[in-house]
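The chains carry the letters A, B and C, assigned in the order they are written, with residues numbered from 1 in each.
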Amino acid sequence: MFDFLSDYDDPSLLGAFWVTVQLTVFSAIGSLIWGTLLAAMRVSPVPLMRGFGTAYVNIVRNIPLTVIIVFTSLGLADIFGVTMGAPDDFELKYFRLAVLGLVAYTAAFVCEAIRSGINTVPVGQAEAARALGLSFSQVLRLVVLPQAFRSVIGPLANVLIALTKNTTVAATIGVAEAALLMKEMIENEAQTLLIGAVFAFGFVVLTLPTGLILNWLSKRLAVKR
Amino acid sequence: MTSVLYDAPGPKAKRRNLIFSVVFFVLLALVLWWVWQVLDDKGQLEWSLWKPFTTADAWTTYLLPGLADTLKAASLAMVIALPLGAVLGIARMSDHRWVRVPAGAVVEFFRAIPVLLLMLFANEFFARSTGVSSADRPLYAVVTGLVLYNASVLAEVVRAGILALPKGQSEAAQAIGLRKSQTMSSILLPQAVTVMLPAIVSQLVVIVKDTALGGVMLGFTELLNSRGTLAANYANVIPSFIVVAVIFIVLNFILTSFASWLEGRLRRSKRGTGAVLGVEDVDDLNAAEVGGTHGAGAEK
Amino acid sequence: MKLRKVTAASAAVFALALTATACGGDDSDSGSSSSGGGEKIKIGIKYDQPGLGLKEPDGSFSGFDVDVATYVAKELGYEPNQIEWVETKSADRENALSRGDVKIIAATYSITDERKEKVDFAGPYLLAHQDLLVKSDSDITEATDLNDKKLCSVTGSTSAQNVKKDFAPKAQLSERGGYSECLSALQTGQVDALTTDDSILAGYAAQDQYKGKFKLAGLKLSNENYGIGVKKGDTETVNKVNDALEKMVSDGSWQKAVDENFGPANYKNEKAPEIGQIVQ
């Protein structure tokens, strides 16, 4: 019943899921950084930056991810000639473009999670920090964000799970991850249900433990008040 | 809270902020100008590519039917997923193990699978075990997939909202002799819904966006799918994507504006009765929780 | 009191949703009833391939597949107004037949051994070849020098897999959601060629917006025998469709359809294939 799986060795099922994992990890790191910057902009004293942060989040969150990923390929790569340092290696180029698209999209959600985390830090913390004479960036870096991060591990875990599943959209621009292999298999084998089940199982294996571990972590690290 | 992070700007800080603003503005303007130049240079601003969108045919043949299908699937999924999510969320907090555990399993399971696959399975199910006509099947499959996933997510939202309420609320309800179901329906749920509203709304935005997954493999003729047919005719790939993106932004903007209007109303009424919890904090926390989660939700 | 507000609010949302649904519902109802009358035949085609199966701005359908299907339907006893066109995406073709969603499929459907296990084929009715679409000033003329080229094709398609496995495993291949997306890359020079069946490429090359900009390289990289998909075991329909296809060739309608749909593209098509003769 599963013998068709052995016909695929480049990439194999595991290889394709490995690309999925890589996409997830790189995009997670990138969107954490960009999302934190966006959150900082949204609470910053400079009105224009606040406006930009708000506009970015509201626009990006409202566009289907497929459209954003396609824009990285059709727009950035084709029109603006962005090659991501790999003009002659398509595999690398489109992988990096996909990461860029996923970061741009996921960061909006990371930003909102962190901003709400900032709101859970008691006002007294920031006031005390200011009383010590710390500047805005010092207040944020040394006092508020460290506490905020601990309280948003739960929400961020949810973002990470969603991100893992969202990497499947990278197939739209030809990144050879799990969803693309699934598409090829369905095109060749005409066994939609069975193939779908195999890949659904793969995603359950990837996302369930992530959720459980991070939930446990968030309980452990929660700031006791 | 934000203003707590920095002092009211004095003359020096005001000047610095102004400089920051100007620099930021100039950079932004430069980037936008460059984008415009390159688009122009590559001929993407040519009128022939955009002209189709001024003709009636482009709208009546492709975009409007696509939009209608998107709205149909999204609204059906919302109407079914909201109550189902509430039920699942409450069931997950039940005192009875035989209710709590299955509800928890359902929620975790359907959250772990990409929505596209759920739609695929639903499609097979409707084809094999029901008499749904082949013309309606994609819609049924898309709605089913969206409902399964989003109800699970909404269940978590509802649960988080109820858990975020101060313990005193349910204790007080017990003290005045309310039954468990009464406590839930007249004390906890109404407060939780108000608090969770932003989170629920961002989930509804996810539903609207995820209808686009139905076009990928099931041939559901939603907006993004119709765009492909349109672009094949007019050979205007990039403009067609931009137009569809704008439609989605406007659609979701209307949805979120409606929601914040609703939220404002609920808030105002609340003030009269004496607020019971640190609304701002809880509310924002949950908003993010969901926004993130599910917002990033399940694009396949 | 608070609950009442919430209830009112949710009722408003509910009503809004219902109205939206109702509007949509009306649309589709009126659509299907206006074209009613007599028994219908459902035929699966592509909606987005100029020259083969394309949904035109006025809502009508055009292309070679469409013409063949219309002719076959006529021989099966259905007038053009009794045909209900259904979009069948590549990945969904086998399932659409086995579920009975459509009676026949004419959607650039190559006859392969794997597919023959799932569905029956009538025909072939056209012999196409995987080929390259290149800029009109390109110098690609041989299949040998593909390995150092940048190619583009549709995600997961047979053509894309062929490139990866057989023709040019070392070539850079950009896989995209649709051929239109590939054409955009070809236009901006991000890729050197778009590769898939020449019949499909010809349709794009003939579009007004692209006329004169692209040409077919004429490489014949593979043989694609387009057949008409029929539900597995439905031999009666297969035979009827085969008869219809034979008649279409012998009475000249086949050549006429070829000229009309591929003519503007300067596409040198193969002559009409014999029924059952599959070119490997």
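Everything that follows uses one rule, which is that a residue touches a chain if its C-beta (ideal position, glycine included) is under 8 Å from a C-beta of that chain, and two chains touch if they have at least 3 such contacts.
To keep track of the chains, here are their UniProt names: A = Amino acid ABC transporter permease; C = Glutamate ABC transporter substrate-binding protein.
Note that this is a predicted model, so its numbers are computed, not measured.
Student: Would you kindly count the fewest steps from chain B to chain C, each step being a jump to a chain that touches the current one?
Tutor: The fewest touching-chain steps linking chain B to chain C number 1.
Student: Hey, which pair has more contacts between C-betas, A-B or A-C?
Tutor: Higher C-beta contact count between the two pairs: A-B.
Student: Can you give the whole-Å distance between the Cα centres of chain B and chain C?
Tutor: Here chain B and chain C have centroids separated by 34 Å.
Student: Averaging over Cα atoms per chain, report the distance between chain A and chain B in Å.
Tutor: Whole-Å distance between the two chain centres: 17.
Student: In whole angstrom, what separates the CA-based centres of chain A and chain C?
Tutor: Centre-to-centre distance between chain A and chain C: 35 Å.
Student: Where in chain B do residues touch two or more of the other chains?
Tutor: Correct list: 42, 124, 217, 237-238.
Student: For chain C, jot down the residues that touch at least 2 other chains.
Tutor: Touching at least two other chains: 91, 95, 177, 181, 184, 188.
Student: At least two other chains touched by the same residue of chain A: list those residues.
Tutor: Within chain A, the residues that touch at least two other chains are 70, 74, 79, 186, 192.
Student: What residues on chain B touch chain C, complex-wise?
Tutor: So the residues of chain B touching chain C come out as 42, 48, 52, 55, 57-58, 60-62, 65, 68-69, 71-72, 75-76, 78-79, 82, 124, 127, 134-135, 137, 185-186, 189-191, 193-194, 217-219, 221, 228-229, 231-238, 262, 265-266, 269-270, 273.
Student: So in the complex, the part of chain A that touches chain B is made up of which residues?
Tutor: 42-43, 45-49, 52, 58-59, 61-67, 70-71, 74-75, 79-80, 105-106, 108-110, 112-120, 123, 126-127, 130, 136, 139-140, 144, 151-152, 154-156, 158-159, 161-163, 165-166, 168-169, 179, 186, 192-193, 196-197, 199-200, 203-204, 207-208, 211
Student: Which part of chain B faces chain A closely enough to touch in the complex?
Tutor: 1-2, 4-7, 9, 13, 17, 20-21, 24-25, 28, 35, 38-39, 42, 44, 108-109, 111-117, 120-121, 124, 202, 205, 209-210, 212-213, 216-217, 224, 237-238, 241, 244-245, 248-249, 251-253, 256, 280-281, 284-300
Student: Could you pull out which chain A residues touch chain C in their complex?
Tutor: Touching chain C: residues 10, 70, 73-74, 77-79, 88-91, 94, 171-174, 180, 183-184, 186-190, 192 of chain A.
Student: Which residues of chain C touch chain A in their complex?
Tutor: 90-91, 94-95, 114-115, 117-118, 150, 155-158, 161, 164-165, 172-177, 181, 184-185, 188, 190
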